[in-house]
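What follows are several structures.
Paired with subunit B in one complex and with subunit C in the other, subunit A is shared by the two complexes that follow.
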Partner chain A sequence: MPARAARFRLTQRMRRNATLIGLLLLPAIGLRLFTAVYPFFNTIWLSFHDWNPAFPPQQFVGLKNFQALTRDIAVTSSISFTILFVVVSTLLEIALGMAIALILNRAFFGRGAVRAVNLIPWAIPMVVAAVGFRWMYDTQYGIINDLLHRTIGVKVPWLVDFWGARAAVIATNVWKSTPFVGLVLLAALQGIPQDLYEAGRVDGTNRISAFFYITLPLIMPQIVTIGLFMVVWQLAAFDLVFAMTGGGPGFATQVLAYRIYQVAFMALNFGYASAISMVLFVVVGVASVIGLALFRKVEVSL
Partner chain B sequence: MKSKPVTRISRRQFLKAAGLAAGSLSMGVGLSACAVPPARVPQQPAQPAAPSPTQAPAADTGRKTLVLAIQGFAHDAMKPVLAKWEERTGHKVTLESGPVTGNEMITKYAPAFQSGVSPVDVMSDADDSGPAFYRAGWMEPLDEVIPQETWDDFPESFKQQIEVWHSFEGKRYRVPHEFAIGYTFYRKDWFDERKIEPPKTWDEVVAIGKEFTNPPVFGTMEALIKPGLAFVYMAYLAAQSGGNLFAFDDATAKAFQFAYDLIHTHKIMPETTLSMDYTQQNEEYMKDHVAFMRQWPFFWDVARGNKDWYKEGRAEIALPPAGPAGAKSWWGGWGFSVPKFAPNKPEALDLIAFITNNENAPILAKGQSWFVMPRKSIMAVMGNEGLAVHMQRYAEANVPSPRPFHPKVAEAQSVVDDVATLYLTKQISLAEAMQQGKERIAALG
Partner chain C sequence: MLTAAVLAFLFVVLFPFYWIVLSSFTPKYELFTIPPRYWFSNFTLENYQVLAESIPLARYFVNSLLFAAGSSVVSVAAAFLASYALARIQFRGANVVFIVFVMSLALPQVGGLVPLFELFKNTNLINTYHGLVMLMSSLVLPFTIWILVPFLRQIPYEIEEAAIIDGARLPQLFWFITLPIMRPALVTMLIINFIIAWNELIYPLVFATSGSNKTLSVGLVELAVQPTAGGGRPWDLLSAMSVVMIVPILVLVLFFQRLIVSGLTRGAVK
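The block that comes next holds the complex of A and B.
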């Protein structure tokens, strides 16, 4: 009997706890519902409608918006540049971030100051960086062309040329985001036990082989994590393109997020903008699935 | 003693139930929020609630604080007029810095208006945003608020523009306070030195431009960066070529070709203009790198405000060069309007009538060149000074041409912008540009 009574008391307490847990979770769940779930379902709903408040009424159009975007050169160009922008930026950020992390992981005089300086680009607001770089890339009086002209005697119309503008936008993004990647990889490097390197040295590894056979495998989970983070983050990039090129010349540097902004908030064409948002959602989803699969593979291989 | 059967709730069950409830709730909210908003009901024009200028404020109305949103540089010019209104009505007006482009107007205010609220009582609104706001039913009609004498103060040539850009379904929603026309600014000192006149035709633009071009000095320059600025220049050239810009007709093709030739064939305009904004363009001019250029009226004050650089003759105004359809320049501009959801709507309607009346329009114009318009009341006071002289000159020469209109103005302008920059950066041919422009405009419906 005492055992049953105790179980009963326990069950009552559990029930009370469940109610309490439910009540405590409710604000957080409610917040997520109204800030993530509701907008998401509303966007799906709107993507099947023709809805521009300046041209009422709202009408169900089925897949018309999705059909239209396959023929819309502005959208197809945006998709191609978005993918290029994200892939190239992420690869460069990881490569350069790794180099920075390896340098900052070594002991040298003034390392603290160098680590702080490394973070400056990351601390600068993107719009400020974008406007600054727009001026720096100017063909006539920009510092980059001035340096090129003084050293090798050429001037490149960076923001006017199709590939020049793409390179300039990607380079600015890499300059801005690499310090963050470097910081994360530095933290990962500091977690590697020194014993492994010593053991490696006994086995005859040099610095290069130690990097490829000890360092890289051990920080691979962090590389994949930060890579996935940067991919998803940069798929939604908007401010850089907005302030630096306006998506031009033509559609050369137009990213999906900027196109969505143009259609939704400049043209008030919410239905069509929702359809483009769904494309972005699919791209983010595919990237995330690939990233997670890669992450699992890396985890297993370790 | 038999205890009651106990229903255990596992964590999984709880999460399932909570998830289900949350999902149903979100779907319910989502579906209800996506419901088609009620059809617009024709509104009764609001009556001006406040007394006429000669009457004292009503004793039973509480003092209110209104918000007027307008670009920051115009605040000082607004203050004397607002002080008069505050004294007359007993209310107070707070000035807020408004957006500087029509696109920003939409971005900033559309979400509020869509939700049925307004953060401002009176606002200065652009051509690019105003039509979308009226069509959406977010603005208050002004026909019965603005006295006829105010409308009559505008010249006859304004009527068409007011009917197209400031009205919707026969009702007026915005009172113009700016006459933005592309002026031709030129270095009179340089031209006098060479004993030549500013270009009067497209051919002369090329010939004179070549004479001055010696990088970093160029004959002419135009900021063409996206978004919006390529449209401005193409509309300007299309007005001169006689093109129907949004139809991408043959005359529009001539305008595109001319812009291309200035940059790539004759090289009297630098390629870098394609990535320039107005600040950069003006900087280039004031660094003595440009002989003549199209620019908005604000450059009049910008040039004269640069005390270190400005001397008489460095930023004079000439008539625009004539293309196949003559010496034309399109005009547009900003105007005052009252949101339907203005927190203090009756007072806001009285305020807009006051600041736009024939007595106060010249006071605003004296305070800031942005408010200078060819209104009779303004010309009577300022017709012999400053920018107003050139405004009259342009009007007498029949230069002003209407701004190209499309019901989906922002999208249509964006098409021109895209197609022009694609063509001017050699990504597509002229034929492809015209074809793509036609198709994309047709797709707008």
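The block that comes next holds the complex of A and C.
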């Protein structure tokens, strides 16, 4: 039976059945409407209101919440650290992930086991990484300071220092997320046809020029895709900062997601928390638009 | 050169695990020595004992297990049905629905917490198992659909057409034909979603507030952020609890490494 006819008959039969389509889609659409779409639009609505759940009536206050957040140092510093955290993390993850992918793409004894190891940081809970590194970064008893002390004779007050804490949080995030980026880039490398490299060798490329003229342009779409994914995902990062620094010292490592949680569920200021959520939505939206534009550019240039 | 790079990579990835495991089997008083000890001395199980006495560890473990298993089954089931409609029945707008699903991946989870909390309070879903499973399955749904749709598109139509001609109705078609063919993809997504749910913090933290509903992740951060008398952290208990949380994940990774890698990379490479 010709494939095309089979496909036509099968889809024709079901396409007429709107009830069937509806029933199949219902659980998924229902879940998303209930837990993602409705909360999203309700957050927009709430951001123009004052609302403390202990004193029920919601009061319309116009732009008051938004005016307040421009003067709120906890919010402005969390915006700047969120952006710094995401940009630096993503760049490091792509650079180091590329290195991991190149290593794991070479043939060596025990490669299968090393690839399995590469999966572990992705698989473990972020809270475990946060707690484990917090212990290792301990100023007095931590292993990192001990190693630093033995090798170069200094001890850094990691999590109590403004830039020390920022560096520690970003380093922990990079440790946890880079192997995943490496995994995706390794799959991209494996998709490159080998004869391209042979053709390159005939034309006299060495390993380094082959990387820049063959490998990199070919996997650029995947690099941009995973970069966009990591940016959007890390903009909403919550667990790491919550379990590692609590946003401190001061507001040094405060991120938007954690600030929203604090304002909503510790200060019970639901309206204001929604206004901060709006900032997060806008940042995610802007990042997505830039990322998609970039993706289109590298895809077309191929 | 290559060997050195591999060894450096292994050291950076594995050392933190070594350190957590080592700490968890070291007596509390020896954790606070300068310089720290790099090898097992006075191996002890005491930290695990104290941990099990100070928090309802078994309860949390079972909660995490049920939460992760339930979310993974519900999300894959819902995603399978929707993906079937999106990939198989090319109804008008199927592509738009697919893109909207995938794009909803970008909605920040924490941004919807306030309305969700109010909604869950009004519908008596806070501290319920089904409430938590609904939230978590919904969270991983877009990614699951993203992976399953291209997989379904690869299945030849003739197989299903033949079954229909033989008189199979849709439930039978799913059960005897489509599900068996989809098995590797479905198992992969079950495992990946289980791991993601096992690791989840925000939803249990906000929506499972009573002691009997908390998960391991919530128990761990409570230990980590609670104020203590001396201001220090109970590293003995924290490292033991981290090990408890990691072991089931490690078992899954070791057994299903290939499947997990294929699932995680399929979306990006397509």
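Here is the rule we use: the second predicted complex is superposed on the first by the 275 of 302 C-alpha atoms of A that agree within 3 Å, B and C clash if a C-alpha of one lies under 4 Å from a C-alpha of the other, contacts with A are read in each partner's own complex, and residues count from 1 in each chain.
Criterion: a residue touches a chain if its C-beta (ideal position, glycine included) is under 8 Å from a C-beta of that chain, and two chains touch if they have at least 3 such contacts.
Bear in mind that the values here come from a model prediction, so they are computed numbers and not experimental data.
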First, second, both or neither for A:Q58, with subunit B first and subunit C second: first
Partner chain in contact with A:I21 - subunit B first, subunit C second, else both or neither: both
Which of subunit B and subunit C A:Q262 touches, first, second, both or neither: first
Which superposed partner A:Y213 touches (first subunit B, second subunit C, both, neither): neither
First, second, both or neither for A:G246, with subunit B first and subunit C second: both
Partner chain(s) touched by A:F162 [first = subunit B, second = subunit C, both, neither]: first
Which superposed partner A:F66 touches (first subunit B, second subunit C, both, neither): neither
Subunit B versus subunit C as contact partner of A:F295, first or second or both or neither: neither
Subunit B versus subunit C as contact partner of A:T139, first or second or both or neither: first
More subunit A residues in contact [subunit B versus subunit C]: C
Subunit B/subunit C common contact set on subunit A: 11, 14-15, 18, 21, 25, 29, 34, 37-38, 42, 46, 53, 134-135, 138, 140-141, 246, 265
Subunit A partner contacts - residues on subunit B that touch it in the complex: 3, 6-9, 14, 18, 22-23, 25-27, 29-31, 33-34, 36-37, 39-40, 103, 106-107, 110, 114, 131-133, 135-138, 216, 225-227, 270-272, 274-276, 280, 284, 289, 407-408, 410-411, 414, 418, 421-422, 424-425, 427-428, 436, 440, 443
Sites on subunit A touched by subunit B in the complex: 4, 8, 11, 14-15, 18, 21-22, 25, 29, 33-34, 37-38, 41-42, 45-46, 49, 52-58, 68, 71-74, 134-135, 137-141, 157-162, 165, 245-252, 262-263, 265-269
In the complex, subunit A residues that touch subunit C: 1, 3, 6-7, 9-11, 13-15, 18, 20-21, 23-25, 27-29, 31-32, 34-40, 42-43, 46, 53, 99-100, 103, 106, 108, 114-136, 138, 140-143, 146, 149-150, 175, 179-180, 183-184, 186-188, 191, 222, 225-226, 229, 232, 235-236, 238-239, 242-243, 246, 257, 260-261, 264-265, 270, 273-274, 277, 280-281, 284, 288
Subunit A contact footprint on subunit C (complex, rising order): 2-3, 5-6, 9-10, 12-14, 16-17, 19-20, 23, 31-36, 77-79, 81-82, 84-86, 88-91, 97, 101, 104-119, 134-135, 137-139, 141-142, 145, 156-158, 160-162, 164, 170, 195, 198-199, 201-202, 206, 217, 220-221, 224-225, 233, 235, 238-239, 242, 245-246, 249-250, 252-254, 257, 260-261, 264-265, 268-269
